[in-house]
Amino acid sequence: MKNRILIVNGPNLNLLGYREPSIYGTDTLESINNYISEEAKLLGIECDFFQSNCEGAIIDEIHRVRLSHKGIIINPAAYTHYSYAIRDAISAVMIPCIEVHLSNVHAREEFRSKSVIAPVCKGQIAGFGKYGYILALKGLSEMM
Amino acid sequence: MKNRILIVNGPNLNLLGYREPSIYGTDTLESINNYISEEAKLLGIECDFFQSNCEGAIIDEIHRVRLSHKGIIINPAAYTHYSYAIRDAISAVMIPCIEVHLSNVHAREEFRSKSVIAPVCKGQIAGFGKYGYILALKGLSEMM
Amino acid sequence: MKNRILIVNGPNLNLLGYREPSIYGTDTLESINNYISEEAKLLGIECDFFQSNCEGAIIDEIHRVRLSHKGIIINPAAYTHYSYAIRDAISAVMIPCIEVHLSNVHAREEFRSKSVIAPVCKGQIAGFGKYGYILALKGLSEMM
Amino acid sequence: MKNRILIVNGPNLNLLGYREPSIYGTDTLESINNYISEEAKLLGIECDFFQSNCEGAIIDEIHRVRLSHKGIIINPAAYTHYSYAIRDAISAVMIPCIEVHLSNVHAREEFRSKSVIAPVCKGQIAGFGKYGYILALKGLSEMM
Amino acid sequence: MKNRILIVNGPNLNLLGYREPSIYGTDTLESINNYISEEAKLLGIECDFFQSNCEGAIIDEIHRVRLSHKGIIINPAAYTHYSYAIRDAISAVMIPCIEVHLSNVHAREEFRSKSVIAPVCKGQIAGFGKYGYILALKGLSEMM
Amino acid sequence: MKNRILIVNGPNLNLLGYREPSIYGTDTLESINNYISEEAKLLGIECDFFQSNCEGAIIDEIHRVRLSHKGIIINPAAYTHYSYAIRDAISAVMIPCIEVHLSNVHAREEFRSKSVIAPVCKGQIAGFGKYGYILALKGLSEMM
Amino acid sequence: MKNRILIVNGPNLNLLGYREPSIYGTDTLESINNYISEEAKLLGIECDFFQSNCEGAIIDEIHRVRLSHKGIIINPAAYTHYSYAIRDAISAVMIPCIEVHLSNVHAREEFRSKSVIAPVCKGQIAGFGKYGYILALKGLSEMM
Amino acid sequence: MKNRILIVNGPNLNLLGYREPSIYGTDTLESINNYISEEAKLLGIECDFFQSNCEGAIIDEIHRVRLSHKGIIINPAAYTHYSYAIRDAISAVMIPCIEVHLSNVHAREEFRSKSVIAPVCKGQIAGFGKYGYILALKGLSEMM
Amino acid sequence: MKNRILIVNGPNLNLLGYREPSIYGTDTLESINNYISEEAKLLGIECDFFQSNCEGAIIDEIHRVRLSHKGIIINPAAYTHYSYAIRDAISAVMIPCIEVHLSNVHAREEFRSKSVIAPVCKGQIAGFGKYGYILALKGLSEMM
Amino acid sequence: MKNRILIVNGPNLNLLGYREPSIYGTDTLESINNYISEEAKLLGIECDFFQSNCEGAIIDEIHRVRLSHKGIIINPAAYTHYSYAIRDAISAVMIPCIEVHLSNVHAREEFRSKSVIAPVCKGQIAGFGKYGYILALKGLSEMM
Amino acid sequence: MKNRILIVNGPNLNLLGYREPSIYGTDTLESINNYISEEAKLLGIECDFFQSNCEGAIIDEIHRVRLSHKGIIINPAAYTHYSYAIRDAISAVMIPCIEVHLSNVHAREEFRSKSVIAPVCKGQIAGFGKYGYILALKGLSEMM
Amino acid sequence: MKNRILIVNGPNLNLLGYREPSIYGTDTLESINNYISEEAKLLGIECDFFQSNCEGAIIDEIHRVRLSHKGIIINPAAYTHYSYAIRDAISAVMIPCIEVHLSNVHAREEFRSKSVIAPVCKGQIAGFGKYGYILALKGLSEMM
């Protein structure tokens, strides 16, 4: 299939739905992934999903898809603020990448408003909850 | 009509299409607005458009729609980095607001990565060119 | 009349009374101005009132009264934190000026505790709500 | 008597009137206190006065009045800029407190524009000379 | 005429001649403009003059001349230090621009030595009083 | 068993006893763990031990115990100073956590006095060598 | 008796139990001291207690015990953040000292996470309420 | 064999030769390793090679060789700038270590000129491409 | 007697001679004062000595001598770095003052090189041990 | 002759014309000096020229002309950014001085926008190439 | 001869061998230069040596060789940290340059880790003692 | 003679007596040196004097006396604030050195209160005019 995209979720996002549901909602990561998959099909895109709490594993995965996929959507979670290694990985594979955050990181603690990864992405989307992934998908689709 | 949205463009965006077309493309602000209008209709949303180079005029306009509109999409351009006055205006009218940037501001000069307005918005979208407005429209629509 | 004073209110203060009344109270700017006018009469002072969201218009007004008025009371709102232009205007007209803030700006966000305008004022009063204008009036009256 | 207020003056203010009279005027602290007392009577307020050069003694005094007085007016002088201990004392006794400065501290040396005490006060008044205490008295009276 | 140049003066410069004449001299902005005009004629240049206290109006004017004029001389006054919007305007119109200051801003308050506009100008001239405009004119003429 | 606690040791702590024994003593991590286990039994607490040099593995382990354990004692070693990811993990599982350091980190290199993890812990203990784990155990026991 | 320890409490801690009991609990400093005394007896330690709001008095007391006591436990309260004088006193008497804080200072205002005293202490304990003093006692006992 | 050395390559270096060959050359990591091996033989040194994108795995490997090898050459790539954990690992094993970078990191982005690892190394070599490893080898050989 | 001078020693200097004699020598403060007294007699100067650990007491003493003494020599010890209150006291009494430090404060911890008191003194002398007081005496004598 | 002026060129400017001619043009320093001399004659000014790469030699030369010349034009090149010694020399001789830069230093590396010399000059001119010296000459002539 | 290289040593390096031999070894600069010369011959390179304590003389020498030499190796010693003038000299002559330091500057005082010269060099080598020059020689040879 | 001392004066001090006599007095450097010489004889010390505006020459001179002299008194003037090269020279010769300033540098511009040289000196004296050299002489004599 021509249009394959990798969707990467960083540390602690595997707890979505189990963690403070009054704040983060009751959607699990699995249900969010299903939701994304269906929306993607309508756009003629096939999605692969990857979540890890390990910085190195995320880098390995980004490398793995460098010839097979057309785009990456990444929510680097806490790694957003210091992982120059993930930054370099995205920069190395030369696939267009979109950074997504569930919450509006600019309205939270000071350290969350600084991204070391955004400068090597095509765009950044923050504050739309799970719908942010759909927006990234549409944005990426528009670019391809 | 129930769903009216205000789309605000800040200083120098009136020159779109006339200014460094090799970088910013040949779309004028007018043609981008028409493009947004048509997409909006499909979502059942009516858009009003406002552009000004004057900080005070932008604040006046935000105040003007505080009872009549359901959302604001704003590209504050250079005011992004220092207009606490526009920040307070958005905060005061209590209408959900999305901040949009045409380019990936995180990959440009240092001063462009700091937004004093984002903390009072619902979300931020950067790096998708004119399609960023459509993404903001969809995101706002999803929230309503 | 000998003692005329200009009372300037900066951006977003026109929304007083309509905006988050649980926080800012139900007094509109108009009712506050009436309240000030009456107190002023008791002190033999005539007040002119000016509100604008536009930095340039505020500067124009400060210039306009430079020969006709004996004092200025200004609540620069968000312009407090960056308008070196209003600072220079106050400095240029050489009329005594008092800076007033409704809330205790020192107890809010970090950026609100820095005033670029206070260094050219005679005094600063913060945290007394609308009564702060009366205190400024009394202070200015004492100086004259 | 219902309305008792404590007026605290910090380090070096005992020298008022003896020190650089061309700058600070010829009023001694005692004469200023008498002046405040008389103004206070007109407002139905009884004032106690306290001056010390010792940070610890000021804290002791603030504690002492925590059940007997309805407000505090404090000119912390140099302690303004570093006494987190006085800050905590004010915060602990839960009596409304107003910070007063004789001169416009915002127009003097850089270090004088930072107050570690203001964030726990109800308001701050600066630049009106001895009349600033009267303004604080009126402001406190209005709050009670 | 081939060589038309726009000369922009920013906030508070309309008070020249009326404000602290012992410091700024007795020349009004009008007389300075006449002086510039005459010098310009000798160089075969026609000057248009524009002054405003409003940031937005200055931007509008810079846009207005982008096809008709060959150069801009700007004294942004207080906007020098924070108007990224004027900076973007100058950058957008792609006409050579010279920044002028009447006084040597490097020898005044700390904040006055930082210009956010200078990086997009061809040159900066400070400290020559009204003659600085003539120097800018000659410099611009040499470039053309 | 009701009271199970996880004890996490971060990078390089597996070398305890083998590394610079004149400084760190001759206790290995295993012997320290045995020592903790015995003390814990006296308090009716069962301890699980986990050490890893991998940030992601530490996060996985913290997630794993979120329903089964009543507390976490963590010595994040070098991750103390930059792992926002471990911080988010502790914050997400909502189990009380105590941060422990063998040495007095405040008396070493500047960078060691900043902890990005402490703000989401219940308490911090530093400088007591291996006995610090026992103190943390007692403190946690007191809280439960 | 061989093992005497001094327990020092800094400014505003004399108000414990009377001040915001919903936050700080209903224990007075006296009842906390009794609680510590009894725990200390079990460890064969005799405690002396000292509280003062005066920086100088705290230094005097630390000097007074330099030959008679085997350890110091200090809660410097607000002096934690700026009293280099108390730091030098602890450093001069060469008795092991433990710094204790009732709350987790790392999770409160920014300025509370910086201690100028910790670098000369043997250890620091924060976040365990009154039980923190017991932990310090045990830690000090272990060191002796 | 007496002289064994470990050569560690950090994140993204596994892509050498496949990534932007116009910049980084067409040498793969494998061919570089072969080149190093041959040069090493001439110096009587045997090299082991290790590459990982995972911070923890790099630390594990450094620990593993602490008794068997006489030196370490490390190109920490992006971990150079924040991995205090790798720094502590190098410091703990007490084997001389040389930091190598292919490019002149001091001439690239600001963040790349700061190394948290260099302070515990014997030396740093940057800017010689693959030949930098040979220089490090010779330097290490000279030290042994 | 015409020439009386006050010699003030700040916190912890009362321990001189008893504290780390290998570093600070075996001279007590009393013996240093006797030594100063005798040197002073040769210069026709009478010295009064004052030591306190209390910031407020030092300020009181400085005030006390403002009409009776011709100079002050002060070793503010740790108060050097933050006591704006002592600074204001020296500034208020208008007697020439010399700041003395036993050790070379510029060669110790970073915080010790900043003096908030020196700007209001006539001179500063550091690094000569007890002889520094004699140098200050001679310097003051020369000025008188 | 009455009007003699010294023109000082700092380090590396002796290479003008030989160094990157595509950027700096083909004019040598000698030809620029001739060009300046001729323009100066028209203004009735005689110029002396001095170039040195040595900070001390530049200071010596500035001293040498302090009684014989009426003005100095200096291009301090790299010394602009750190030579407080040249600054003090200019300040000491009390001759009006103009700082000139060939390129627009404000548009180059960050460090080039800071001048420690400009605060003691009458004016600064940057960005006009060799013509900048003529502008300075005219400006200085206007002042005289 | 085709391959001539200049080796520059900055301030205080003339004292090598005479200064703290227990730290810096007993090699004089002369013996180091002989050592370098011999190694260079093996590589077919002829070296010229230059040492000066004078910033200007170093710049003169760099200029002198700009047409005759193929490379520069420089140990700028203390000038490393502030000599923008030497930086510009290196940049101007367009010969490849390597920066060498005897010790690992990154492991010493904070100010020694910042080089203003490195950004214009091809590479930087630190921490190998005199052998660092040989490494630089080889690196340079490889580049030629 | 056993006790020879070098007295070094840095840039611009050769102008003493000729420059702003109302501020710096009418003493020339020569007359000050004579005054020092005579005082020195009384202490059995022979002084050599050296003044230069050139940083390198000052370093050469410091090196020259490293075996022949017993002490150095240096007034580095503007080099105080940035000459790490002079700092290293003083550190290398291992002769006790005293830093002297004529004025109280702590009360002048911000940059003048930072000395990069003081950390390697035995002491610092500032604010006593020419008498400061005598104080330094006495201090050095006391040390020898």
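Each chain gets a letter, A, B, C, D, E, F, G, H, I, J, K and L, in the order it is written, and its residues are counted from 1.
Criterion: a residue touches a chain if its C-beta (ideal position, glycine included) is under 8 Å from a C-beta of that chain, and two chains touch if they have at least 3 such contacts.
This one's a predicted model, so the numbers in the text were calculated from it and none came from an experiment.
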Between subunit F and subunit G, the fewest touch steps amount to 1
Neighbours of subunit D that also touch subunit B are C
Check: chain pair from D-G, C-E or C-D whose contacts match over half of those in F-G is C-D
For the pair subunit E and subunit L, the C-alpha centroid-to-centroid distance in angstrom is 48
Expressed in whole Å, how far the mean CA point of subunit D lies from that of subunit K is 63
Subunit F to subunit H, mean C-alpha position gap in Å, rounds to 31
Subunit H to subunit I, mean C-alpha position gap in Å, rounds to 55
Shared-interface residues of subunit F (touching two or more other chains) are 54-57, 82
Which chains touch? The pairs are A-B, A-F, A-H, B-C, B-E, C-D, C-E, D-G, D-I, E-J, F-G, F-H, G-I, H-K, I-L, J-K, J-L, K-L
Seen from subunit K, its contact residues with subunit H in the complex are 98, 104, 106-107, 113, 115, 118-128, 131-132, 134-135, 138-139, 142-143
Per the touch rule above, subunit F residues touching subunit A in the complex are 54-57, 59-60, 63, 66, 82-85, 87-89, 92-94, 116
Within their complex, subunit C touches subunit B through residues 10-12, 14-15, 18-20, 52-57, 77-79, 81-82, 111
